[in-house]
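The structures come next, written out as structure tokens.
Two complexes follow with subunit A in common, the first pairing it with subunit B and the second with subunit C.
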Partner chain A sequence: MGLLSWLKKPTLSSWMDSFFGKQKASIGIYGPPNAGKTTLANRIVKDLAGEEMGPASPIPHETRRAMKRADLTVQSNGASLHLDIVDTPGIATKIDFEEFVTDFEMKDEEAKDRAKEATEGVIEAINWINDCDAVLLVMDSTKDPFNQANVTIIGNMEARKLPLLIVANKTDQDGASPQRIMDAFPQHPVVQTSALEGEGIEELYESMIHHFG
Partner chain B sequence: MTEVQLNLVSKDRLRSMGSMEKIRFILDEVRGGNVVVLENGLTPGEEAKLIEITMTEISPDDFPGIEMESYPSDEGSSPNFLKKLLGGDGGLRTRLTVVGPANQVQTIHKDRDVIQTLVRAA
Partner chain C sequence: MPHQCTGCDTVYPNGTEEILSGCPECGWNRFRYILEEDGSDKEAAEPAGDGGGIIGELERVHESGAEALTLRDGDIESVRVLDEGSYEINVASLLEKEEIILSIGEAGRYVVHLPSAFREKADG
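Moving on, here comes the complex of A and B:
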């Protein structure tokens, strides 16, 4: 193998082909709670397969089990990418059931059950990283991008040398600043979207093909 | 007077510990109400493991979890070919990390090089 070809950054598909003989990518949708992961997953799966993955909600930890939709194909500008999408629960370092009671008027028992399920969801999300070939890291553009979940996910993907695409989501909301995300993580590509409004989704598909294909 | 204990742990001490030993040490300190500052932090894999084990220990009336803040890695911002070839967690340089009880430590600002936290006594 020549030095130049060795130095050339491999694409995800060439890497998967050479090591595993895999022909499709398993793409994990990751991020902190309430970044819009399930809304984005629903948008993608609805576009590509005409159905939704799961319920989205303003209450944190709505998704408490990872959900997978297999055999999707993203197409853009004559190129395509065959993939499985895994929508994961939000990653957090703390889960306080009292927030569900005070902020969302849940009863104690319901809040405790939700907190318990949320802890299991975080563990599941962390363990799914091992099965992902690439990650869409969804960030809320109105929030501080240096959230610890973002830092830990990016660190893990960099350590594994696996591709990562940051989705600066919720650009339709007041105070959204995708530029803040770009400035925070200049080493990674950033796509601006409003998954809720369907804005930036075509650009997302182009970037997925470009960076994951 | 209410007090909070801060334990500043040197990189030499951290280097002498295995990953699980580090994680157990951190969680025991934090569950005891202390704040731990790790001079050169945890690897990304250790951070994920710490979150995972924290989740198994959360209980509604006792322990809501941890507040952890670490700097982003410097991968990409100062690329170093040799560093990437040398072992470790993908050759990433880990940096200072603060971990404390979630109900006592609140991050008020964080950027690439500064972490500002508010620490309250229990």
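Moving on, here comes the complex of A and C:
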């Protein structure tokens, strides 16, 4: 069952079609809650199109629907890449409304709705992988990258042969260790950014063109 | 492909040269691809799918008591509802399996969501 369904998922050849046929890459921004996915998506969309994508928030699971911004062009050093950006809800293994009540003083009712929507968001995010040609996997450099969700996602994307670029975000913070991310996933390219301060974004574009273009 | 400079808004009908060398008007080097039919209403970010609501939907099925199933051998729960507002998510199962299996409460009642229905919903 698992194997059979994988055969229907994007293969290397359909990925090549998307670049040499459509000439456009659909790039999914994935990662755990609060890693800075929306902040990064906003940074990119603002930079390329002068607009924002959606609200970022210190409260986890702010993004509970996948958001798409189509038809952007990124260029760097004489090369360019035409792309769609999809910002996705954070992927987590446990979501509890109590967290919103105790840490963010939310009312029970609102917190329960948020938890339910966040859980649905995880499903929607995972469902969207089928439509992605490449993935930016965003991680918070101050956190231990070696957790079940990250390892599972990376393993699955490798099996799907989806080009993957890891973004080690929040490098501006004390205790940030992009090196820990590089050591945890040495088989994948890692770009260091501060989406909040706009650091490393040019390097990110270069890497995207190099690995996805 | 027509491109518009995001610095000064000048439109270049072809744009391939300008996006590589920078905008001749203002020197900026970011361009937006313009859809030939209509660039206007495609600019805002939009929900990528029309998915959502699946847990609520499964919970309603559960409450109706109608379609609660028991697990077969080899079935793996995708989402466990521990209590209202408290969820445990099996990321590996969601990534690998087409169907979504929801288990609710201690009693372990199960509701299965078939993939075809979900894809239809999610793709709008």
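Couple of notes before you dig in:
Just so we're on the same page, the second predicted complex is superposed on the first by the 195 of 213 C-alpha atoms of A that agree within 3 Å, B and C clash if a C-alpha of one lies under 4 Å from a C-alpha of the other, contacts with A are read in each partner's own complex, and residues count from 1 in each chain.
One rule holds in what follows: a residue touches a chain if its C-beta (ideal position, glycine included) is under 8 Å from a C-beta of that chain, and two chains touch if they have at least 3 such contacts.
The structure displayed is predicted, hence computed values, not measured ones.
Because the two structures share subunit A, they can be overlaid on it, and in that overlay subunit B clashes with subunit C. Within the superposed three-chain model, A:R69 lies in touch with subunit C and out of touch with subunit B [touch as defined at top].
Judged by the touch definition given at the top, the superposed model places A:Q148 against both subunit B and subunit C.
In the superposed pair of complexes, A:D174 makes contact with neither subunit B nor subunit C.
Once the two complexes are laid over each other on the shared chain, residue contacts for A:E105 go to neither subunit B nor subunit C. In the overlay built on the shared chain, the residue A:H82 is in contact with subunit C alone; subunit B does not reach it. Residue contacts after overlaying the shared chain place A:D47 against subunit C, while subunit B stays out of touching range. Of the two partners subunit B and subunit C, it is C that touches the larger number of subunit A residues.
Touch criterion met: A:I123 reaches subunit B and subunit C at once. Overlap of the subunit B and subunit C contact sets on subunit A: residues 91-98, 111-112, 115-116, 119-120, 122-123, 126-127, 129, 148, 152, 156. Across the complex, subunit A meets subunit B through its residues 91-98, 111-112, 115-116, 119-120, 122-123, 126-127, 129, 144, 146, 148, 151-152, 154-156, 158-161, 184-188. Residues 1-2, 5-6, 45, 47-54, 64-73, 75, 78-80, 82, 86-88, 91-98, 108, 111-112, 115-117, 119-124, 126-129, 131, 148-149, 152-153, 156 of subunit A are the ones that touch subunit C when the two sit in their complex. Residues of subunit B that touch subunit A in their complex: 43-45, 47-48, 51-52, 54-56, 58, 60, 64-73, 75-77, 89-90, 92, 102-103, 110-112. Looking at the complex, you find that subunit C touches subunit A at residues 1, 3, 6, 19-21, 29-35, 42-49, 51-56, 78-79, 84-92, 94-98, 100, 118-119, 122.
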